[in-house]
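First chain A sits with chain B, and in the next complex the same chain sits with chain C.
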Partner chain A sequence: MYLFIARRLFFAVLLLLAVSLVTYLLFSVLPVDPAALTCGKNCKPDLIAANRVRLGYDKPVLEQYWLFLKGIFVGRDYGMGQAAFSCPAPSLGYSFSQHQCVTTLIGKTFPVTAYLSLGAFVLWMLIGIGSGAVAALNKGKWQDRLANAFTAVGVSLPTFYVGLLVLFSVVIWLGILPFPHYASPFEDPIAFFQAMILPWLTLAVLSAASYTRLTRNGMLEAMNEDFVRLGVAKGLKRSVILRKYVLRSALVPIVTIAGLDFAALLGGAIITESVFTLPGMGKLSIRAVVESDLPVLVGTTMVAAVFIVLANVLVDILYGVLDPRVRTK
Partner chain B sequence: MAEVVLSVRNLSVSFNTPDGVVHAVNDVSFDLQAGETLGIVGESGSGKSVTAGSLMRLNNSVTATTTGNVVVNGVDVLNCTEDEVRGIRGQDIAMVFQDPLSALNPYYSVGAQIAEAYQVHHADASKDEVEQVVIDMLTKVGIPHPETRLHQYPHQFSGGMRQRIVIAIALVNKPKVLIADEPTTALDVTVQAQILDLMMDLQRETNMAIILITHDLGVVAEVARDVLVMYGGRVVEKASINDLFVAPTHPYSWGLLGAVSSLEDLQRGHLKTIAGTPPSLISIPSGCAFHPRCEFYEGVGSRCSSEVPELRTISSGQSMSACHLDDVQIVSIGKSKVLQ
Partner chain C sequence: MSVSTSPRVANAVETISIEGKSPRQLAWQRFRGDRLAIFAAGVIATYVFIAAFAPVICAVLGISPYRLDGAALNDFGLPKGSFGGVSSEHWLGVEPGTGRDILARLMYGARVSLLVGFLGTLFTTSLGIVIGVISGYKRGKVDAVIGRITDLTLAFPSLLLIIALTRPLTQRLESMGVPEGNPARIVYIILVLGLFGWVYVARVVRGQTLSLREREFVEAARASGAGTRRIVFKELMPNLWAPIIVIVTLSLPGYVATESTLSFLGLGMLPPSASWGAMLGDSVRYYRADPTYLFIPGIALIVLVLAFNVVGDAVRDALDPKADRQSL
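Moving on to the complex of A and B:
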C-alpha cells in the first residue's frame, strides 16, 4: 500500500513537471511580447528593452523555464540595484500587468475559490446523493420522474445562463439579497454568506444533476445484486441493507468522480466567479487572459494542475480504502 | 412420521411487467418434513426459482403478486408483517444462492458477513461469542485456518470456498429449512460433488430439511428423496427419486429423462431433446401447458388444450402426475420410455 502511494506520488511529480514544461512552452510561443505589455501606453523602446532584461525575457525559452522552476523552490529576484525586487519561494513569476508576484495574487484569490468550491461541493453531494437515493427508492414514481427531469435540466443548462437568471430574479426582481459583494468570512460573515449563497446554489444544483443520476443508477444496479438478496434473506432490516449493501456499492464510483470534480473546481470556477463577481482564481485567470498576463496564466494553470493530479492520486488511494478488491492487488 | 417444517398451499406468483402479466408459479402445493431433501427440477423459466424466492418472501414486492400460504414454524410467510417475516428469514429458513461469486458483499470481510447473519437473530450475543460462532461455522464448512481467513474478503476465496461461506451464512442460525437454489451450477464438477456432500453432512447433523432447486437431474438423483418436476409454473409430477427414474409418470418427465445424455449418445453424435421451446409465461398455453410439445397430444385430443390436468396419484404407485393420459397408459408408456 505504501509502496503504491509512493509510486503514485513519484509519477504525479513527473506529470506535473511535464505539465509545467508544456504550459510554459505553449505560452511562450504566443505572439505577444511580454515586455511590451509591462508599461502600456508609456512604452518606449528603451523601457521595453530594460523591462525585458529585468524580467528575464531576453534569455532563451528553456533557460526561462529553468528560472521559473528554480523560482518555485528558492524564490526569484528581478532586476538590479534600485529597481530590484523579489518574489520569495514559492515564486510562480511576476505579473507585469498587476505589478505583483503571481504567488501573492494566487494567495489572495485562492481562499475565495476554496470557499466557493467547498460550499458548493458539500451542497451538491448532499443534493445529488440525496435526490438520487430518493429516486432509486421510488423508482418509476413521481419522485423518480422529478429527479429525472432535474437531471436532464441540470445537465443541459449552462452555468452562465442559470447564474445570471438566479442573480437577476433573486437580487434584481425580488430584491431578497443585496448585490453580492465579496467579503472575507472572518471580517464580515453576513456579507460573506450573502455573496456566496447564490453561487453555491447555482454550482451545486447544476453539478448535483449528474450525481443524482449516478447515485440512482448505482443504487438500482446494486439492488439487483445477489448479495443484496442474500442480505434480505439474512433477515436484515431494510435500512441496514440500504446503507451497508446498496449505498455502499453505489458510493465507489461517486467518490472517484467527486474527487476529480472537486479538484477541477479548485482550479477556479471561471464562469461562476465571473457571473457573481467573486474575486477568486477563476476571475484572476480571466483577467490574465484578457491582459495576456502570461506569468499569471502559467501560475493558475499550474495550481489547477497540482490539484487535479493530487486528486487523482487521492482518489486512487481512496478507491483502495473503499473497495477491498482494489486494495489487495 | 417426521415433523412437517414447511407447508406450501396453492402458491401462485405473477409479475406485472411492461409486456404483460407473467404467471411464474401456478397453484403449487407441497409439504416438507424435517430431515427430508426435496428436489425441484425444471428448465429455465419453469418457475422453480420464483417458488424458492416466495418461500422467504424475497420476490419484488412492487411487481409481484403472490397468493396462497407458506407456513413455516406456525407463521404464514406470505400473510404476516414485515417484522415477522424478517424474524423467519435466516432463522427458520435460509437460502444458498446459485452464484457464490455475486452472493457475497464484496465490501465486507467474510467473517463480518457470517457474524452479521448471526447477530440479526442474536442481538445480545457478546463479541467473543460471535467470533467463536463464526470460527466454528467456518470450520464446519471446511475452510482451513478460519481464525485468519475470517478477516479476508470474498474475492480472496475460490468459487467453491465462497459457496462454503454462503452455506456457513445460511446455516449459522441452524435453520429448519435450507433452500438451495442451483447451489452447484456455477461450480466445477469436482467442486459440485464436494458442496453437495457438505450440505448432506450438515443435514445429517442438524436434521434440517433441504429444498434443492436445479435443472440437473444428476444432482437430484444424488441427494434428493422426493422430486417435484415443474413445467410452465406448475408441478407436473411429484415422485420419489427412485420412481422418477424407474417409472416416470408425465410426458415431460419422459422427455427430460430421455434428454439425459449418456456416453453412448455422444458417440452416436446427437443429443436427444424435447421438441419445441418452453412456453412464454406471459401466454401460457391453454389447458396443459405442455400440450404443444407433447407427443401424446394427438391421441388424447382436445382435453389437453382446454382443461388443466389435476395433479393426481397414479394407480398403485406413490407418484403424482398432472396428465390427461389414463393411468394404464401412463404406467405402460413410462416403463417403455425407461427401457429405451
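Moving on to the complex of A and C:
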C-alpha cells in the first residue's frame, strides 16, 4: 500500500513538472511584452529595458523557466541595490500590475475560493446523493421523474446564467438578501454568510445534478448484485442492506468524481466568483487575463493543476479504502 | 445486419406475426415509442431550420438583426411599451440602447450557437475516436504515451486557459489567414474545445476498444487476413457507435453553453453580430429596466439544451440491449 502511494506521488510530481513547463512555454509565446506592462502609458524605453532585466525577461525562455522553478523552492530576488525586492519561497513570481508577489496574492484570494468550494461541496453532495437515493427508491414514480428533470436542467445550464437569475430574483426582485459583499468569516460572520449563501446554492444545485443521476443509477445497479441478494437471504434489515450494501457500493465511483470536481473548484470558480463578485482565485485569474499579468496567470494555473493532480492521487487511495475488492489486489 | 429471408419463410413468419428485427430496428422502435424524445427531436429540427433560413424568415417578417430603430426607444434608450417593447413590429421587443429587433437577433444568434455546437462536437469526437481507437487497439507503448498526454491535458484548468488564450490565439489565427473578427473567434472556440475535450471521448472509446479487440469476431477477421485498417473501420467502429452517439448528444449542449459563457465574458462574438451568449451577457446590463430581454435568450438556450438532453437520454435507452429485459 505504501509503495503504491509513493509511486503515485512520484508520478504526480513528474506530471506537475510537465504541467509547469507547458504552462510556462504556452504563456511565454504569447505576443505580450511583460516588461512593457510594468509601468503605465507614459513609460520611457530605458525604464522598460531596466525592468526587463530586473524581472529576468531578457533571458532565454528555458532559463526563465529554470529561475521560476528555483523560485518555488528558494524564493526569488529581483534587481539589486535600493530598488531590490524579493519574494520568499515558495515564490511563483512577481505581479507587476498589482505590485505584489504572486504567492501573496494567491494566499489572499485562496481562502475565499476554499470557503466557496467547501460549502458548495457539502451542499451538493447532500442534495445530489439525497435526491438520487430518493429517486432510486421510488423508481418510475413522480419523485424519480422530478429528479430526472432536475438533472437535465442542472447539467445543461450555463453557470453564469443560473447565478445571475438567482442573484436577481433573490436580491433585486424579492429583496430578501442584500447585494453580496464579501467579508471574512472571522470579522463579520453574518455578512460572510449573506455573501456566500447564493454562490453556494448556485454551485451546489448545478453540480448536484449529475450526482443525482450517478447515485440513482448506481443504487439501481447495486440492487441487482449478488451481494445484495446475499444480504436479503441472510435476513438483514432493509435499512441495513440499503445503507451498507446498496448505497455504499453506489458511492465508490461517486467519490472519484467528487474528488476531481472539488479539486477543479479549488483552482478558482471563475464564473461563480465573477457573477457574485467574490474576491477569490477565479477573480484573480480573470483580472490577470484582462491585464495580461503573466506571472499571476502562470501561478494560478499551477496552483489549480496541483489541486487536480493531488486529488487524483487521493482518489486512487480512497478507492482502496472504500472498495474492499481493490484493497486486496 | 438485417435478417435475410426467402419469400416463403417471410410469409410463414408473417402468419405467426413474429418479425426478425435487427438491433438497429429495435433501437429505432424503442426511440419512436418515446413520445417526449420525438417531440424534443422536433424542437431541435425546428431550431436547425430557423438557423439555416434565418435571413429568409427575417426578410419575410420584415425584420433585421442589424437595423437600428430609434423610434422604438424612449429618451433613456430603453424600449417603449411593456415587456421590453413587444409590438406588432417587434414580436419579442427590441434591444435597449440600439433598438435592434430581438427576434431577428435570436434567429441569427442560433446560427452561431448551433454552428459552434455542431462543429465543436464533430471535431472533438473525431479527435477522441481516432486517438481512443489507436490507443486501445495498439496498446503497449503507444497507449502509454497517449495515457500520459491524457493525464497532462486533464491536469490543466481548461476554462482558465481557454479564456487566457482567446485574444493572442485569435490574433495568431487571423495572421494565418482566417478572416478577421468572428470567423477567427469561432475557429478558435472549436479548436480549443477539441484540444481539451478529446480526452473524455478517447477514454470511453479506448476502454471499449480494449475489450472489443479480444472478441472472437475480431480474431476471425484477423485470421482471415484483414489488415489493421479494415479491422478498425469495419469491425471495431460499428460496435463503437452506441457510446459515441450518446457522448455526442450529451456534449453538444455543453458546447453551446461554453460558447455562451465565453460571449458572456466578452470573449465570444463581436457586435453587431448576434449570438445567444452575447445577448445574455448584454441583457445582464439592463436586468432592472428590461427583464424581458434577460429571459428571451435564456429560454431559447434552455429549450435547446433540454431538447438535446432528452434526445441523448432516449438514444442511450434505445441503444441499451437490456432496456426491454428490465421492464419484464
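Following the convention adopted for this analysis, the second predicted complex is superposed on the first by the 329 of 329 C-alpha atoms of A that agree within 3 Å, B and C clash if a C-alpha of one lies under 4 Å from a C-alpha of the other, contacts with A are read in each partner's own complex, and residues count from 1 in each chain.
The rule is short, and it goes like this: contacts are C-beta pairs under 8 Å (C-beta built on N, C-alpha and C of every residue); 3 or more make two chains touch, one makes a residue touch a chain.
Bear in mind the structure is a predicted one, so any value in this text is a computation, not a measurement.
Colleague: Name the contact category of A:225: first (chain B only), second (chain C only), both, or neither.
Modeller: In the superposed model, A:225 contacts chain B only, not chain C.
Colleague: For A:249, is the partner it touches chain B (first), chain C (second), both, or none of the two (neither)?
Modeller: first
Colleague: In the overlaid three-chain picture, which partner chain does A:233 touch, first (chain B) or second (chain C), both, or neither?
Modeller: first
Colleague: Counting residues of chain A touched by each partner, does chain B or chain C come out ahead?
Modeller: Per-residue touch count on chain A favours C.
Colleague: Does chain B (first) or chain C (second) touch A:153, or do both, or does neither?
Modeller: second
Colleague: Which partner does A:70 reach: the first (chain B), the second (chain C), both, or neither?
Modeller: neither
Colleague: Do any residues of chain A touch both chain B and chain C, and if so, which are they?
Modeller: none
Colleague: Name, in rising order, each residue of chain C that touches chain A in their complex.
Modeller: 151-152, 154-157, 159-161, 163-165, 168, 171-172, 253-254, 257-258, 260-261, 264-265, 277, 280, 284, 287-288, 291, 294, 298, 301-302, 305-306, 308-310, 313
Colleague: So in the complex, which bits of chain B are touching chain A?
Modeller: Residues 56, 58, 86-91, 94-95, 97-99, 102-109, 116-117, 120-121, 153, 155-156, 166, 169-170.
Colleague: Name, in rising order, each residue of chain A that touches chain C in their complex.
Modeller: Interface residues on the chain A side: 15-16, 18-19, 22-23, 26-27, 30-32, 152-153, 155-161, 164-165, 168, 172, 264, 267-268, 270-271, 274, 285-286, 288-289, 297, 300-301, 304-305, 308-309, 312.
Colleague: Given the complex with chain B, which residues does chain A contribute to the contact?
Modeller: Where chain A meets chain B, its residues are 225-227, 229-237, 244-245, 248-249, 322-325, 328.
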